[in-house]
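Should a chain be cited, it is by its letter among A, B, C and D, assigned in written order, with residues numbered from 1 in that chain.
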Amino acid sequence: MKRIAVLTSGGDAPGMNAAVRAVVRKAIHEGMEVYGINRGYAGMVDGDIFPLDFDSVSNTISRGGTFLYSARYPEFAQLEGQLAGIEQLKKNGIEGVVVVGGDGSYHGAMRLTEHGFPAVGLPGTIDNDIVGTDYTIGFDTAVTTVVDALDKINDTSLSHNRTFVVEVMGRNAGDIALWSGIASGAEYVIAPEFDFSFDEIAKDIEARYKKGYKNAVIVLAEGVMGGNEFAEELKKHGNVGDLRVSILGHIQRGGSPTVRDRVLASRMGVRAVELLKEGIGGVAVGIHNEELVETPILGDGNALFSLDGDKIVVNNPHKADKKLLDVAYDLEH
Amino acid sequence: MKRIAVLTSGGDAPGMNAAVRAVVRKAIHEGMEVYGINRGYAGMVDGDIFPLDFDSVSNTISRGGTFLYSARYPEFAQLEGQLAGIEQLKKNGIEGVVVVGGDGSYHGAMRLTEHGFPAVGLPGTIDNDIVGTDYTIGFDTAVTTVVDALDKINDTSLSHNRTFVVEVMGRNAGDIALWSGIASGAEYVIAPEFDFSFDEIAKDIEARYKKGYKNAVIVLAEGVMGGNEFAEELKKHGNVGDLRVSILGHIQRGGSPTVRDRVLASRMGVRAVELLKEGIGGVAVGIHNEELVETPILGDGNALFSLDGDKIVVNNPHKADKKLLDVAYDLEH
Amino acid sequence: MKRIAVLTSGGDAPGMNAAVRAVVRKAIHEGMEVYGINRGYAGMVDGDIFPLDFDSVSNTISRGGTFLYSARYPEFAQLEGQLAGIEQLKKNGIEGVVVVGGDGSYHGAMRLTEHGFPAVGLPGTIDNDIVGTDYTIGFDTAVTTVVDALDKINDTSLSHNRTFVVEVMGRNAGDIALWSGIASGAEYVIAPEFDFSFDEIAKDIEARYKKGYKNAVIVLAEGVMGGNEFAEELKKHGNVGDLRVSILGHIQRGGSPTVRDRVLASRMGVRAVELLKEGIGGVAVGIHNEELVETPILGDGNALFSLDGDKIVVNNPHKADKKLLDVAYDLEH
Amino acid sequence: MKRIAVLTSGGDAPGMNAAVRAVVRKAIHEGMEVYGINRGYAGMVDGDIFPLDFDSVSNTISRGGTFLYSARYPEFAQLEGQLAGIEQLKKNGIEGVVVVGGDGSYHGAMRLTEHGFPAVGLPGTIDNDIVGTDYTIGFDTAVTTVVDALDKINDTSLSHNRTFVVEVMGRNAGDIALWSGIASGAEYVIAPEFDFSFDEIAKDIEARYKKGYKNAVIVLAEGVMGGNEFAEELKKHGNVGDLRVSILGHIQRGGSPTVRDRVLASRMGVRAVELLKEGIGGVAVGIHNEELVETPILGDGNALFSLDGDKIVVNNPHKADKKLLDVAYDLEH
């Protein structure tokens, strides 16, 4: 393969730039040319494609966001969109593509590969909800941002003897809530994967204050429900003190990537190029037990997607780590 | 004066611990004894009062929040509350008080002084909305937290070509919005002190995108209106792109104080003790033109409060700095 | 086991407080009493031992250093010291001990266990040089501090077109150098585990500047040699531009622990208590392939120490990850 | 004036990019064209000059270093160098110049103005040692970096009961040492402007440890002497415990500028353009008592330089603030 391209797609995640940088640098190291595609699949179809050199990624490893821009582009789920994209790739002499993004982005990579254009996926999403990898690029940074916010909220919560509900990101996956809950010493962690009872929590908070504790913090994954809704319901079940809600929102996507995310993105970017060099596509790079691994994007239960009985593509679910919930519980109760 | 006390009151602010530390250390240095009062005026009335020594404030200068806890306690506006507080002070042999807090806290300090207990106020509030000082303790840290968030939001805003409305604290004062707007390079700053037009902003954003700009950020002080309300109204006036709202909320109160806030709090704490040592109360310490100054809590227009025609105590308004708005405008347009 | 104790020993590492906190909280959760020992084995022998409760570790998870203090105490390698320590443990009714520290600390834990006092080791050291665990408590924070410094040095290196040698910690292990080198995009990483040639590096730097590159950064593990010595030698081998040396030093040990270190320390602290509860000692807790594991402190090549032919206790060496060096090389050359 | 240029010169300082950004944006706002000059006066003489537009400074406000590069260029002190520089300016149609830098950079600005090219100086240096301004661009960030390091060193100093000498930047000015000393709660601050006694300090440290204190930190400005030299001498005067030295070095120049530095740089950049627009040169912009001011570069004692009896240009000395030293002393003793 003489020329490859790289794009970022879906919600932006810190470390995407580090991944793109690694793809560019490794490709050049291997004697290949490398192009960037702006705005994900939208830019591919528009032909917003341009060459990148060694210097064009200098000083990007520490930067949040993605300098290739990102966009959601549902049209790429259709054959028409895919063929339009491939036409642009061909026009630019591109033979393989690295896609950095989440679930939706991987779907596109799978289709490109089916059409004869090997595409490799890298898991760039803060949610850590991708099958086939222990960690996604951006997760460590997002949790770090959340814990920094929780440390600050602890200051004010404790100073004022207040109960806080803090809503964090995580639509299907509680990983951000679990990790940040443990790391901040939050009293309760509510994640979509695990049951909880308003009644038990409210009673427990009441008991805490009676024993003389000064505050309580509940970390809530957005996938369960909104923070305000949660607080309203909680109040009905007991006297939970001076209750406040904080919704962390968009700050969770930005910021300079942590060391972990930079190293992970660098390693994965290198591997993606090695795979394309061997003509391999239709796989996603992951890290499992500290080693880089490849998973077929479409396949059996360990793949990202499977075909159900009606030959419909379905997502295989990410499994959150119950052990972490137990740690959180043991340390606060 | 042989024994003084210190309390924190109102919304907590980073640097309150540094101020308390300075009061304690300076009092000891001057040969006085010093007591802490928990939970502001509430603790004073409850007698939640205890001795502090040199070591009890070690390693507090870098900590957010207030280890003396804080509380709002409207009952102290009444004579009955004040007398109950004074009784507790007398019982503990306390002859003067340093109060770290905002407007409401100063009111109590004024009353204590009128009743023969000299009390000195230090401006501990993130809003920078206190007459008689160029800067309040906590303001620099709060703006730093806001700018850190805005830098992160810029990453994602730019990556996705989005328009963001970011609601920041500041009920009556636009200082947080103004400083953070300039420091983050936000395109628009909306503060309670200055007029604005939805129509102009919407048209300007439309024009920006047509010229090829990739994103736009509006920093909005909460005193103007809520972020969601602002966004709804803005949309009616033009095509402002993919519009998102972020409400920074409680994180703005916490965190390790900045150098500025630590130094300011340390200097002010020293001065408060010097004043009490001379038997002076009923004044607030401020910084003006880089020098520490004292302002009467009750007095003419330069004081924190004045009596109106009906002898009612009224707040004298803080004046925001129009020059900063002009800088923000010139650099982004 | 009804009562256990916890101590920190050797060089301090961020996350030691989080580990102690987890031991305390988990022990209480399991119905045990828990004591703290100040200044490591020195405090054990002195009887500087005191009870800890749930609240005594509140708000410690985010703090650097160790509130139990640490000290090196070579006397504990002798039988006399060990017996004196055990007498103090018995006097306080303590039946098991958790030791947070590095190699030397583990040696003491092994001896305690041999004398009938089960002791469990947790790897608290920034160097990541402990056999039996993929990561030590404090490593992620130290690398984060180093990368923060390297990001700053990149600013000034690039602004002035300079070559920098940055000396980082790591006496026997190049992990800090390797991770921080990749994460900061340093051009060269010199670690004790891998060969290098002054001549090759000097020639390569010369070539870089000729091609128009603006700066170069060399990350050097202290175990190889000192930064100044390295720079002097390098200069003899070529024109390496305006060369500066920065020795990061003691800042690498401090700071609020990262999310990773907090979670790792929390998990390991929980496990240490579970082991003691079952009467198990003489092992070190580690994390391997994302799962907590236990390794005998003394045993075969996979243990921390082995007996050599003369029955002398020898350290089994930590193995650095050559794959990371390859990544660093591929991305910068 | 229709076209102006901007350069950065001398040691780099955080906020230089924010100043350049403000010059560019304000110039465009005022209908002028603006050029950048790479590598300070060296680039001026080489003709390394190129146009800048609104977008070329996007996303630079948060970045450390200077994207225009900086260099020391003593040749510009000679007439020949100055005339060569002016020739290049004329060739590019440039009518005025903004110079961001320290003392040496101002000298060049003065000469350019004398030769008919109005040049305005902005104080870009971390040392805060420039006459005519209360604060320089970069000082707040540098102190923030130093305090962050001191907070970390406090962790380890306290954990191990050690005495630390921490050498910080400041060749002629103790401002970094003074501010960081207060803000970190250091026990001793040694600055070039103030006398000190090794004997007093050593005796005081001895006394502290005897009273049971756990550690001591000495912040030393490099202008007094080197950290190792200081430590050697100190040891001769008393038992100062387990003494360590940390030299913070180059990290003090880098990093994302603080809010203060960004706002200061933005305001000063705007003012520089306003001055050039009116044809005014030969002055330096400063901030005094919260207001922007201009000071003649060459003039009487309030100017940056004066002519001595032999008509030789001499620097007028920056005066450090004795009040701050008193605060530091009162709070720690």
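As a convention for this text, a contact is a pair of C-beta atoms (placed from the backbone, for glycine too) under 8 Å apart; a residue touches a chain by one contact, two chains touch by 3 or more.
For reference, the UniProt names are A, B, C, D = ATP-dependent 6-phosphofructokinase.
Since this is a predicted model, take the numbers as computed values, not measurements.
Each step here moves to a touching chain, and the least such steps from chain A to chain C number 1.
Distance from chain A peaks, on a Cα-centroid basis, for D. The mean-CA centres of chain A and chain D are about 41 angstrom from one another, to the nearest whole unit. In whole angstrom, the spacing between the mean C-alpha positions of chain B and chain D is 29.
One finds 36 Å separating the Cα centroids of chain A and chain B.
Those residues of chain D in touch with two or more other chains are numbered 151, 154, 158.
Under the stated contact rule, the graph of chain-to-chain touches is a ring, a single cycle where every chain has exactly two partners. Under the contact rule defined at the top, the touching pairs of chains are A-B, A-C, B-D, C-D. By the touch criterion given at the top, residues 8, 12, 14, 16, 39, 63-66, 69-71, 145, 149, 151-156, 158-161, 164, 214, 244, 246-251, 253-255 of chain B touch chain A in their complex. Across the complex, chain D meets chain B through its residues 21-22, 25-26, 29, 58-59, 61-62, 134, 140, 143-144, 147, 151, 154, 158, 179-180, 182-185, 256, 258-260, 262-263, 266-267, 270, 289-290, 323-324, 327, 330-333.
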